[in-house]
Amino acid sequence: MQRVVLTVLLGVLTAAHAQRVQAPIPIGIAVAQTSNTALLGQEQVIGARMAEKYINARGGINGTPIRLIFQDAAGDENTAINAFQNLITKSGVVGIVGPTLSQQAFAADPIAERARVPVLGPSNTAKGIPQIGAFIARVSAPVAVVAPNAIRTALRLDPKIKRVAVLYAQNDAFSVSETGTFQETAKAQGLDVVTVQKFLTTDTDFTTQVTATLNANADLVIVSGLAADGGNLVKQLRQLGYKGLIVGGNGLNTSNIFPVCQQYCDGVIIAQAYSPAQASAANQVFVRDYRAQYKKDPPQFAAQAYAAVQVMADALRVIDRRKKLTSWELPALRVELNKQILAGKYNTPLGELRFDKDGEIIQKQFYVAQIKMKDAKNGSFVFLR
Amino acid sequence: MADFLAQYGFLIVTLVQAGLLGLSLYFPLQAGQLSLASPGFYAVGGYVAAILLTNPAYAGLRETLGQGVFPLTWLAAALLCGVLGLVVGVPALRLRGIYLALATIAFVEILRVVSLNLEVTGGAVGIFGIPQAFGFGERWQYIFLFGPLLVLTLLFARQLERSRVGRAFRAIREDELAADAMGVPPTRYKVLAFVIGAVLAGVVGAMSAPFLNTWNARQGSFDASIAILAFVLIGGSRNIWGPVVGGALLTAIPELLRFLADWRLVINGLVLVVASLYLPQGIVGALERWRRRPPPRRPVPAPSPAELRGGRRTP
Amino acid sequence: MNAPPVQATTVLEARGLTRRFGGLVAVNDVSFSVREGEIFGLIGPNGAGKTTLFNLMTGLTPPSAGTLSYRGTRVTGLAPHRVAALGLSRTFQNIRLFRALSALENVKIAQHVRTGAGLWAGVFGTARAEEARVEERAWALLDLVGLADRAGELAANFSYGDQRRLEIARALATEPRVLLLDEPAAGMNTAEKAALTSFIREVRDRFDLTVLVIEHHVPLVMNLCDRVAVLNFGELIAVGDPASVQRDPKVIEAYLGGE
Amino acid sequence: MELSQLVQNLLNGLAIGSVYAIFALGYTLVFSILGIINFAHGAVFTLGAYFTYTLVVGQFENNGLLRGVNLFPQGSPFAGSPWTFALATLIGAVVAGLIAVLIERLAFRPMRARGAEPLLALVSSLGVALVIVNLIQLLVGAEIYNFPANAYGEVRPALSFQLGERVVIIRTVQLIIFAVSLVMLAVLGYVIGRTRVGKALRAVAESPGTASLLGISVDRFILITFFLSGVLGGLAGTLVGTAFGVAGPYFGVTYGLKGLAVIVLGGLGSIPGAVVGGLVIGLAEAFVPGDYSAYKDAVAFALLFAILLVRPQGLLGRTQIQKV
């Protein structure tokens, strides 16, 4: 028994010394592969995988390929922390993309912060994420900026709009903050907020909220929620006879809502942090690859995960030019990578982006699109403006 | 070593934490009360700590106490959960068996929805940026909190089992009515057992909030209720080591199965099924069957018949 | 046969005890008194309400009407553990031992009312003296019923007769003044029954008890009891010394009609 | 409250309540026979919806191991008409029933044979649910699948009528669910109340020991119970799926907890109780004022807590008298 302990200890100690950067360059992906957050996580897995393939097909980091290491972070805090620990210590990753939920980020990011490992949040939109620490940044904009545009677009399409109903998922951190911006903008535009209705992302039946909206005679409905609940809400609004315009928040910006609201999705105006119509070459390649494989437009979650991996690779490439990556000590490279991530400017499928000193994303372009359904299942986001 | 602790430190502490939560369910179970309220008290304890440690209203308190604020959070959580346990326990413990379990699940869910909606609990996002207890930088250092708590709890449980109160618990578990007829007041001891569990879960929550860095409404949920029940049943519900072993094992398994990637939760589910099929007494229960208890030894001085009557007053 | 002491004081006084379950009257307006130190038998055909009467007397079932007092203190309305604390202890017709606990533990538990160590005394081990006393008395009581050599065995593993004796030991552990035995001889053979008779007397004498016994077996009752009360369909139809009760036409009618 | 508002809330409540009710029917059926809560019921409910979807659509597009597999290259024979859809639903339900039977054989019966603590069934069924949910995710991913909009034929999506100043509206699919749940209750009531199988089932529920003395094969009837429960669950899964989409592998499991509140409120093991409980909780939720809609999820549990304190046997349950 003693001998076993000793061997393990020795092994661990020696491992601690041999912390050189391995090739291919390991990058950790800790997103929700299980639990009911997997709906978002699996898109992130796809996005990250496509980025890996694309980057390596073009010679990786100046000839050295990257390797993504996936650890399931599920939908809870403990699993996210364990995934981070595994990536940091066992896999010796240079940086981490993850976790899926903001609540998980508040738990797991401090782990990476203390280990001095750079983290890029692919979908954490809550307030305070980049402020967790110097090593924490995100590519997911807290699209408060885009919300006003969507309302303005709606007003342009129908200038007679006067009465607004606001509906939001009150158990989703992002929707709660987004609805605040929506409501302020609506008031600033001189609109009456005639009813505010709350729901849960786990809800399926929205009859109560919809009838309240209808009876308030709203001529604009603003929905902040996620794909499943948001889609059902749109569908039930239309089925129960709502005729006016609908503005959907960023949570609805995914082609996953097409099979949910089907033909009823048609016409919904969506505030987007990502648009397949974004014209950059980076995005057009991504959209082409994605369409080839999945026969539909890539959703925002996939695009953001893709962008996160790309940002890491681009930053690594800059570092590698100065000094070959494999000759770095891992801890030093992690610190350097973090510095470089924050310093650089990137051309990603999200458009051009960079970071402020906290690690908050500065995204050049946001988008407003309108959903056009071809048939019951297929549709597209038509870029407006 | 440092790497080992960095990688598995968090996991190891969560194993201990799971064991403690298992024990918090074990105490009421000792008195025959199937309560699944632990996650509710755990959540409340965590919120108490998170609020005391982050809310600007308590900045002065934190300033004055320094590191002393952490023990204060434990105390506050213990007190609040104790009182809450009393308030919920007195009416709920009139229920038996599965009905009590369901009532406590309802309690947990109500708490969850309420904390999702309050300002002070941070709504859906919860509370984040919780300061680290005693400046612990590494997760494994939290073993210095949870470890002693586990040892103390086990000692407490062992002493309790051997005492008059512990006997009263067991009597109620075996046959509440007979216990009552033999002079053991069931309500008092059921509530006591329930409150002990509530206080323990609350303190574990208070220690866990800094450990997790953040706290939100999902910490206390129905899923957690069932998970903790599984800790106790798979570990063994008749021995203090049962919840500890069960909690540690069931927490470790999904992590140890990480190499299975996408299959790990499928296998984890199978483990639960197989364990409940083949270890009906729990792991510790199965091990205990191999160990024969020594017969009780009689104390040396033989009592006189006068003593047999007890030191009884003449009416 | 022991004659009851002359001018004995009344220990238990039942007045108009009544219990209805829905439309059924299980015990109907039953009044009687029990004197100190006597062995008081309660007989009657099946379903006559004997066990219900015991339940009313020990607080397990609240009466619909009527009272029971013990030396002037009202018993009815008290919770069972309070009745036990007052000094009334019982056994059960269908044996309710703590089956998964050892014989020793069964007897230790029942000393609850006569001890006082609270949670912290137990946890910090400051009630050693009391614990030692509990332990000693438990062994002595097991000695008394002849089970001391099997103290560590689970109650469930004992034979029927041994379980009945263990239940008596457990009842005695509460230090009662009144012992209520619900069919203590059920399932015993003739030899055991005879031994039981003398055992109950011995216990009564040794502990200065008053004993109430529910029993089916008429010879045993006649032999054991100082006085007997007969219940039929929830009503008390006769009270008196065994011989006179046996001659009572109502009793004969009840038994012949009933069986 | 205005009349129209009242009527609207009533309709909303009955609509969602009937969803709770049909979920709870199979749940409570197993409880009535075995006295255990079968957490795997939610997973079977989910499976029913997925099976029907497989038959009607034939392929799963985006994720999982079955991505790209097309069951019907020529188009599904079950798509297109309400009658073929009904047939697919029925087949899906029967397969779900068979899965429930399998669950009983593999996860519950061995436990009964060992005389294990009934609580362990909770853990075991939780394990089964975990396996099923994660297998679904492995095979077809976590995304939402929706039945073709014309599953019930070309019906209007909603009906409305004027009441006073306001319009009262109800979705057609919810009317269908409401009607089907009433039919399911009636059929179940007939099977249990009038047929020989039903009588035997009741005998097993009353006392397994006595039933086996009477020559009833208890194990066989437990299997029948699980089959019925699985069929009901699977059917309910498809119905709810048509109304709200098959919202990922956790689709049914999320009803499990509220289903628990439903069956306790109605009375554990009582079949009409499940329906009454479902409707009561649905109505209670519908009447939560808009300002407090955030607390809607707590309503079911507040009711559950309250009913347990006042009347533990539930609205329609029977009192159990404890023998001393």
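Some observations on this one:
In order of appearance the chains are A, B, C and D, and numbering begins at 1 in each one.
Quick note on the criterion: contacts are C-beta pairs under 8 Å (C-beta built on N, C-alpha and C of every residue); 3 or more make two chains touch, one makes a residue touch a chain.
No experiment lies behind these values; they were computed from the predicted model shown.
When the partners of chain A are compared with those of chain B, the chains appearing in both lists are D.
Centrality annotation: B (chain centre taken as mean Cα position, compared with the mean over all protein Cα atoms).
Of all the chains, the one whose CA centre sits at the greatest distance from that of chain A is C.
Distance between chain centres (mean CA atoms), chain B to chain C: 40 Å. Chain C and chain D have Cα centroids separated by 52 Å.
If you average the Cα atoms of chain A and of chain C, the two centres end up 74 Å apart. Rounded to whole angstrom, the centroid-to-centroid distance between chain B and chain D, based on C-alpha atoms, equals 33 Å. Looking at chain A, one finds that residues 34, 170 touch two or more other chains.
Among the residues of chain C, those in touch with two or more other chains are 60, 92. Looking at chain B, residues 116-117, 177, 262, 265 sit in touch with two or more other chains. For chain A in complex with chain D, the touching residues are 34-36, 38-39, 41-42, 46, 170, 195, 197-200, 202, 204-205, 207-212, 214-215, 227-228, 231-232, 236, 238-241, 256, 259-260, 262-263, 294-296, 376.
Only residues 8-9, 12-13, 15-16, 33-34, 70-72, 76-79, 81-82, 85-86, 88-90, 102-103, 106-107, 110-111, 114-115, 126-128, 131-132, 170-173, 176 of chain A touch chain B when the two sit together in their complex. Residues 37, 39, 106-107, 110-111, 114-117, 119-124, 126-132, 134-135, 138, 257, 260-261, 264, 268, 294-295, 297-298, 301-302, 304-305, 308-309, 312, 322, 324 of chain D touch chain B in their complex.
By the touch criterion stated above, chain B contacts chain A in their complex at residues 1-4, 6-11, 14, 116-117, 123-126, 128-129, 137-139, 212-214, 216-219, 254-255, 258, 261-262, 264-265. On the chain C side of its complex with chain B, the touching residues are 58-60, 71, 79-81, 83-85, 87, 89-90, 92, 96-102, 104-105, 108-110, 112-115, 117-119, 121-125, 127, 130-137, 139-141, 144, 148, 151-152, 170-171, 173-175, 177, 206-208.
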